[in-house]
Each structure stands twice: as structure tokens, then as C-alpha cells.
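Chain lettering (A, B, C, D, E and F) follows the sequence in which the chains are written, and residue indices restart at 1 in each chain.
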Amino acid sequence: MPYVNIKITKEGATPEQKAQLIQGATQLLVDVLGKNPKTTVVVIDEVDTDNWGIGGETVTTLRKRN
Amino acid sequence: MPYVNIKITKEGATPEQKAQLIQGATQLLVDVLGKNPKTTVVVIDEVDTDNWGIGGETVTTLRKRN
Amino acid sequence: MPYVNIKITKEGATPEQKAQLIQGATQLLVDVLGKNPKTTVVVIDEVDTDNWGIGGETVTTLRKRN
Amino acid sequence: MPYVNIKITKEGATPEQKAQLIQGATQLLVDVLGKNPKTTVVVIDEVDTDNWGIGGETVTTLRKRN
Amino acid sequence: MPYVNIKITKEGATPEQKAQLIQGATQLLVDVLGKNPKTTVVVIDEVDTDNWGIGGETVTTLRKRN
Amino acid sequence: MPYVNIKITKEGATPEQKAQLIQGATQLLVDVLGKNPKTTVVVIDEVDTDNWGIGGETVTTLRKRN
């Protein structure tokens, strides 16, 4: 019954990688807490780099500098 | 003053259906708790089927099998 | 498979009222979008009035004035 | 280490405005609670006006009337 | 930089189990997407069984029946 | 109409500090985007240090080391 929300920047995660995140997060809840995988929900949000900030700056700005 | 967030898979909900979800969720808070509808906020997130998992699989995969 | 999150101020909602919110929100998704109620998840967050703001003020302050 | 999520309707906020929201929210946590800006995360969600409701109506409907 | 939110019912998860969830979710983002663990944030919400619903019923009710 | 959610660790923020966060976040939306403060909602979540992780460790563990 757990609900997991994963937020990442939208920078090209493939459907296969997203399927791996969903599989891995579901398994983690099974392994650690014995939760039922059938009702475990995982939602991935991919956020534009203009809309994600860390250290007071957008990721768009950080990526340009590096 | 309540805040309601509804997450559904992006599979063609129409503007009319979304308006019904907003109307219905707002009314529910009025009916059950006597909340003021004027300041009740409802936000609907439509999530790509690649980004939604249940039972360890993406909805994209589930839809293909059914 | 929908996920609904309802945030309200912590001001004495009873277990019966919370059960009604859960029942009502689940039914809304069935009625409007034909969603499967078995995998519909509803989570209610009750937030301290010191931690909820509207119009730039905490609900604690608003309640004192009214 | 704080996490801030700002949800606004998608009505043309520019990258500069979003950078200002991120900078301002990060600074607010520094000023009020002395938090470390380096690990402060801000995520902005821009929500379609069809998907945002207040007073039981979508913002799309509200905007048409005003 | 990812942000992960794990919601579970409040039914006695220990500090050690919560540390394992945090460690595991962080490692998952490293393994699948090569994310930097240093800025990966994981927040666990433990929700009262009266406040969590599935299938239109609270978990409190479900637990009584089983 | 914006909605702002601020998550911080539960480490003694006072009601006055939380009121300042609410006032400041609301003003930020007014200043940057001209939003109406009357319908701007701010919700603060205070999270136990056992339930917050960064760098794969709980904040409880981090605080002990520093």
C-alpha cells in the first residue's frame, strides 16, 4: 500500500530506466518492510531544469557553468 | 481552505471530466467537514503511463498485457 | 490506480468524517473516470494551524480574530 | 536541507521569474531558520488552468468570466 | 539532486528500517540514473491508519477485518 | 492561488518563525508573479530527523556526527 514519489530533473531518463526505478522502489518496500508489491504505487515526476533549484539557482544555470 | 491533489494517469481525461473532479472534490469537503468552497484548492496531475508504476511495473507495460 | 491527497487543518475531524472523505473521493474517481476503486489510494494529512497559512497569515492567527 | 514545492498555474512565468522564485524561497529559509542554501531544493510545478480548481471551478472557467 | 517521498502507514517502522529505506532509495537513484547521492533527499511520511484509504476504506477498518 | 509546501526537519522552529515563512513565501509570489495573497496557501511540514535522509543517511545520524 505504500506510495512513492520520485522527482528528478527532465534530462533524458529512458522508459527502461523509469521502469527500473519503479521496480527497485517497489522491491525496496518489500525487502525492508514486507509491504505488498501489488498495491505499491510509484509515481515519477520529471521536472524541467528551469523549474528545479538547488543552492538558490536553477539547474539550467548550474548545467551551463559545468 | 483544504488542498486536494488528485493524481491520475494521462489517458485522455477531458476538460469536462476534470471540471467534474474539481467540483466533486470541493463539494465533498463542504459536505463532510463544512469547509468553505471559495478557498478550497484542487490540483489534478496527469502522469504519463511510463512514469506510473503499480505492482512493480509501469502502467504502459500493464496496458500492453491487457 | 489514482492517488488522492487531501490536506486539511487539524481541527478535530473524527475517524468517521475521515472515512467519509476516503469513501467519497474514491467514489468520485469511479463516477467521473471509471477508475478501479480497489487500487485507489487516498491519504489525508492533518496540518497544525500554526503550519497552515492563507493570505500571508497562519490559521492560528485567523482563528483568534474570528 | 529544506525542500520547497511551489505550484502555480501555467500562465507564462518566464525563466527569469522562476529563477527569482527559487532564489527568494532559498533565501527565506536562510533568513528565517538559518538553513544551508547549498542543500535547499526548490521545485516549481506549473499546472494547466484546466487542472487547477478553486471555489469548485477550473481556473480556465474563472479566467473566461473575468 | 533527486527528491524521493515515501508514504507508509504508521505501523511501527523502526529507525533502522527507515534508515534502510533512505539508504536504498538513494542507492537506487545512483544505480539507475547515476545521480549524486550527496544531494539526494528522501523524506518518509508515516500516516495514521485512520488517514489512509484504499478500496474506499480506511486501513484501520481493513486491519480489523483481517 | 499558488500553493507552497515547505518541508523542514522538526528541530524546534517556533510559531513566530513559521509565521515568517508563511508571510515571506506569500509575499514572494506577490512580488515575482503578482499573485493574489488572499488565495495563496502555504503549508509547512515538519519532519522527524529519523524520517529525513540526505546523502543516504538520516539527519539523526548526521546530527550525531557533527
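In the analysis below, a contact is a pair of C-beta atoms (placed from the backbone, for glycine too) under 8 Å apart; a residue touches a chain by one contact, two chains touch by 3 or more.
Remember, predicted model here, so these are calculated numbers, not experimental data.
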_Taking contact as defined at the start, I'd like the list of chains shared as neighbours by subunit B and subunit D._
A, F
*With one step meaning two chains touch, work out the least steps from subunit A to subunit E.*
1
*Quick one: point me to the chain whose Cα centre is farthest from that of subunit E.*
D
*Where the centre means the average of the CA atoms, what chain is farthest from subunit C?*
A
*CA centre of subunit D versus CA centre of subunit E: separation in Å?*
25
*asked:* For subunit A versus subunit D, what separation do you get between their C-alpha means, in angstrom?
replied: 20
*Check each residue of subunit F and list the ones that touch at least two other chains.*
1, 3, 7, 21, 25, 39, 41, 43, 45, 52, 54
*Kindly provide every pair of chains that touch.*
A-B, A-C, A-D, A-E, B-C, B-D, B-F, C-E, C-F, D-E, D-F, E-F
*Report the residues of subunit B in contact with subunit C in the complex, numbered from low to high.*
1-9, 13, 17, 20-21, 24-25, 28-29, 31-33, 35, 39, 52, 54, 59
*Provide the residue numbers of subunit B that touch subunit A in the complex, in ascending order.*
7, 45, 47, 50-58, 60-61
*Would you pull the subunit D residues touching subunit E in the complex into a rising list?*
1, 3, 39, 41, 43
*Footprint of subunit E on subunit C - complex, ascending*: 15, 18-19, 22-23, 25-27, 37-46
